[in-house]
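Presented sequentially are two complexes of chain A, the first with chain B as partner and the second with chain C.
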Partner chain A sequence: MENQKHHLDEIFHQRLHNAEVPPPPFVWPAVEQALQPKRRRRPIAFWWLTAAGTVLLGAVALWALNQQEAAQLSAFTPPVAIGSTTEQTLDNPAAPLEQPTTANVQSESFQPKSATRPTTPRQHNPLNAGERPVTYSNTNNNPSNPSNPSAEPVAEATPVSTPATLNIANLPLLSGENSISAAQKADMPTLKPFKSGARRKKVQPRVCYDFNRHPSALLIDVYAGPSIAQRSLTSRQDDEPYLKQRLATESRDLAFNAGLRASLMFSRNFLLRTGLHYDQFTEVFEYIDPTSVTYTLKFTPGNPIPDTIGVQYGENYLKTYNRYGALDIPLMVGVEMRSGRSGFNINAGISANVLFWKRGAIIDPQTHEPARFGGKKETISEEVFRTRLSLSAGATVQWYWHVTPHTRLFVEPSFRQVLRPVTLQSHSVDQRYSILGLRLGYTMIF
Partner chain B sequence: MKFAYLRGDPNPLKATRLRCTQLSYPLDEHELIRGCLRGSAQCQRDLYERFAGKMYAVCLRYARTREDAADILQEGFLKVFTKLDQFQFQGSFEGWIRRVMVNTALRAYQKQRYDYEQTGFERMPDMPVDPDAVSMLSEAELMNLVRQLPDGYRAVFNLVAIEGYSHAEAADMLGIQESTSRSQLTKARRYLEEEVSRIQKITT
Partner chain C sequence: MFRLRWSYGLLLLAVLGCRKDVETFQPYAPSASELGSLLSARVPSTAAVSTFSLSNLATDKVLETASGVQVYLVDTDQLFEKEGTNVVVPCSTCPDLKIEVTEVTDKSDIVARGLHTVGDSNKVFETAGMVRIKATCGGQALELMSNRNLKVHIPNANTTADFWVFEQNTELSKPWLITPRPVYEAEWPAANGSIQEGYELLITQLGWSAAGKFIEDPSSSFCVQLPTGFGEQNTLSYVVFKDRQIVVPLEFDLGKNLFCFPKMPVGYLVQPVAISKLGESFYLGKAQTEVGTNAVFPLNNQIMTEEAVVNIIKGL
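Now for the complex of A and B:
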């Protein structure tokens, strides 16, 4: 009778054998984590990759900057010579110039007439032919002399002073120029100030990318900078004490942002931008339990009665940093206004979150004690945060400065509002973020 | 709360199940097991979803506290997934998984020898317990009654009365004498009857 289905057994069996009780939400994440220990390492790998990527990009950017600066320096001398000759052709359309003309001029200059002509430039020619440029420049005392245009090519010719033949070849060229201008007559005084001014003006725009000539371009930006993550906590249900506890224990700390962005410039002034943007913000969690009691029980194996019972009274202090990281893909449109070397653009758009990770401690909504969320030591009794941030809306204003025609440095204040709260709807408190950031970056134009 | 539930699913596990159902789910139990054996995270999650409720109830019956029950559930499922290749695809999978859970629960309290436990319930209940009174109790109340039983009684009562193991099997699982198992069960019943009559008194 004892073991053959007592009525009590029957009832308990029927009612409890197939009973179902919803399991606590933290069990599955723990099982999953134990099953795939490698998954948890992803954030660390991600950090390393981000750091390595930033360093690499920075290095590439610096290298590109140096290369372009070097290229500009080396390219600086030839354009002067070319510029002077082309201007001459423009000013004196009658003169039969261009490449073969140098030979012609040379042949002309070798003629003895250069010495016999009474005009001022030609007076110096015999001196030039026999002496070094130093003496030539010394002789340019005459105020009416077109000293500037002639002095510069000579100064540039000095680096190639080793073969004597080259010097000789240069000097007749000068004399040739002079002979041509003399042939034209009267133009000389007007040529002089125009030439020097025009050349300087032409050098300056070379620092900027010519969007008039290329109305569409690809811009790659790399940026990073500090930010302020403004948090708002509001109670959705009547859970004021919990909200107060949250507000009292958490405070804002450092935040930063970084990103890589590709922009398409079209119709000269319009921008379409996308890329990867990372925001990380930190909060400090501080909790003091003034009446903390800790019991310590020590057992020896096999003995159900504890050997030692310890009781500790005191203040329990817990401080930890709550870290939230969000990786987003922004999609923005912008308008750019340019003025010489610098300019600004205004951008606005949305961004979609692809990764939201969080780790730290908050007051548990059920036990009202500190509990950890995220990471291995998760102790929180219910899921509090969303797995993704979903959409954010934002705007930025960028001020840039051209370093070279294809590179810019920029400062870009930005604002971003995460549209939904980062907490789940089941949670009694809505936690929202708006992020103010400052992006300092570097742009490459292709 | 209800409103929140209607608007969106706050429970990520449940949300996943919904996602699973969209992807040609529900899968046949054996398909699911094969998926788990292939290492599919989604199948593992779905398998957990399918059995977690029942198994948590089992764990609650065996464990002293809810925290212990959650630990047992976690450890049990970990065992289920790591030893899934030992399942022969014969007989009920639920039975297999339940056995894993029960073994895990028993092992958790193995350090305490059940037959050493002393309790002071040797007297008979004051009045005979009306079977209807027991059946009037809710599932949660019955569960609480079982959970209030001392460790030794609870294990035997769970194994023999609820799971349907024989005394020999239960004694073997607990590492105790068969006679001990019998006496523990009797004591457990007396304890429960007394508790039920106490509740009866309060309610009437």
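Now for the complex of A and C:
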């Protein structure tokens, strides 16, 4: 009797050595919670309101995605064949358990119909002696499938069986204990987490970076593109005539942006970005002076005062390209979502200006005549522009496309609002900018 | 291909980023004379010019314009000679004698015709009326024979004394010359039978004549400052006296960039006026001030239509 009992235990031990037991539903929340890495809390002071809103939006979107996947999981049909095999094994210990298994779960449908569990004991496993046996292989992750070595997710497929076919409560080794710990104590195979990537229906192309395997990555972006700098001029000191002159003589022209950005991706979906961003926007200043005069002077030796020998009255046309350049260090946070080779991320944050250069001509606030600012030919009677721009708030939405697992091309519409006027407070007109940009870029993932 | 497109984009940005500033100067043709022609053509009333055609005039004749100006032609066979010669042209032998009488009785006409009321030595006079008489025979210009004169009546309901006859050569910019002949206050029967009051002038030469009286008050320099770009090539500037028939032209001082007159009677209410044409645009500046000592009056002019300029000058 004692031998029989030991024999039965040994049989259980051998048969369940590589078995994977589906956990009861109540353990999933705890498992998922345990698998979720704890988010580091950042000081709220670093979060701009816009950034927070955008990140919140992204988080909600991510949550919604997970909910959808959870719904798919609940609708998942358990592989009956696996359970029946197990039951057969328990009921009939004499059955040939070492039969070669060809358990290929059809990942396309996630409803394996005739999969047989590889219940070969460890000591009888010729391929993985001394290692944890690989139980199931998803077609996307099948090492024997060389056609798709770089496929995303599906790092480790998970055997699934139904509790209805395996009466765990009746197993003395597992009864009264947490399923996972009990299985571990019994030297049972480790229960693998049910990762969402494993349940994806689409075959992942090989060109995507495996963010499941490497949830943290460093991304380097290089980008450039056109912009539209929307300027607003408002009169602060009720100097309407001057404001009208400014409005009448200046018009928007081309603008562009470029940048180099480093992004830290963490927790697979979250981004922390910084770098150098350059915005240059151009405005056209046109002024026609219908009352211009040119004098022809003649200097004679010994006479310091020249003689005016000719006067011409005419129209003077002046057209300058007023150029404003701003180099900023942005600090942004973002959320990224992926689907196949492409995906998008939403980013928001602030940027601090480190350089603001300007050159051109405007109507002088004192003389109401054209005057140049910036550069060596400065003739303006008073300082008009700040030396640096103020903080800016901005947001971008990036759509990317994987070229290779480590490179992407992206298109990124952006919006930036310079929070304070670029003009000094002493100037009678407030000159503000908001910049719409389109960034076309290249990302390298490390 | 991809790199090629990027290079195109970068090239485009470089080209756009290096666009050079543009500054060009387009000189205007001088427009002052054009302005004078415009004003003389548009401002005066057409009724101010009366032309009388006479054929073989053998008797004395009184020519009367619509406004009542009368020109007396007496002893007409010994009245005119060919201009520049001493060849007498008897009116009785001239089948096509034309006498043109142009009268100027207000300040707008003085300005429009390019006249003024400045005598010799820049002395300003007040006028009671100006008249121009031109005579031709068969298109040939005539002049008065020496020692002959024409009697001219200029109607005026409020005559005053101390006016003298002033005469002007063909060059309007030259100062008027005062003659030793006084202007008489007179009454004469008008064409409609009523008695007309006015001034009687005896003129000894054809062309412009005026009844004038010097302003003897102290004078001082008076200047008008216009914005840069307005000079003698494109601007006509005057000082028009308020309630008096006095129009003083201002001369441009290039060194000071001012329009000035050296002997402006002090203490009078005046209207500085500047008419300009730059390119195709007309400018007019008009204000009112009292003449002070060495005064420089800044005058802002505004762009306006030709019609507006004409109307404002008519209203002086």
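The rule we apply is simple: the second predicted complex is superposed on the first by the 231 of 446 C-alpha atoms of A that agree within 3 Å, B and C clash if a C-alpha of one lies under 4 Å from a C-alpha of the other, contacts with A are read in each partner's own complex, and residues count from 1 in each chain.
Here, a residue touches a chain if its C-beta (ideal position, glycine included) is under 8 Å from a C-beta of that chain, and two chains touch if they have at least 3 such contacts.
All of these numbers come straight from a predicted model, not from anything done at the bench.
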First, second, both or neither for A:N316, with chain B first and chain C second: second
Touched partner set for A:E383, first chain B, second chain C, both or neither: first
Which superposed partner A:D307 touches (first chain B, second chain C, both, neither): neither
Greater chain A contact set [chain C / chain B]: B
Partner chain(s) touched by A:S426 [first = chain B, second = chain C, both, neither]: first
Chain B to chain A touching residues, read off their complex: 1, 4-5, 7-8, 10-13, 41, 44-45, 48, 52-57, 60-61, 66, 70, 73-74, 77-78, 81-82, 111-113, 116-117, 129, 131, 134-135, 139, 142-143, 146, 157, 160-164, 166-167, 182, 185-186, 189, 192-193
Parts of chain A lying in touch with chain B, wherever the complex brings them together: 2-3, 6-9, 11-13, 15-28, 30-32, 34-36, 237, 299, 301-302, 304, 383, 387, 424-427
Complex contacts: residues of chain A adjacent to chain C: 224, 254, 256, 280, 282, 289-294, 308, 311-321, 323, 361
List of chain C residues in touch with chain A within their complex: 9-10, 13, 16-17, 19, 21-28, 227-231, 233-234, 254-255, 278-279, 281
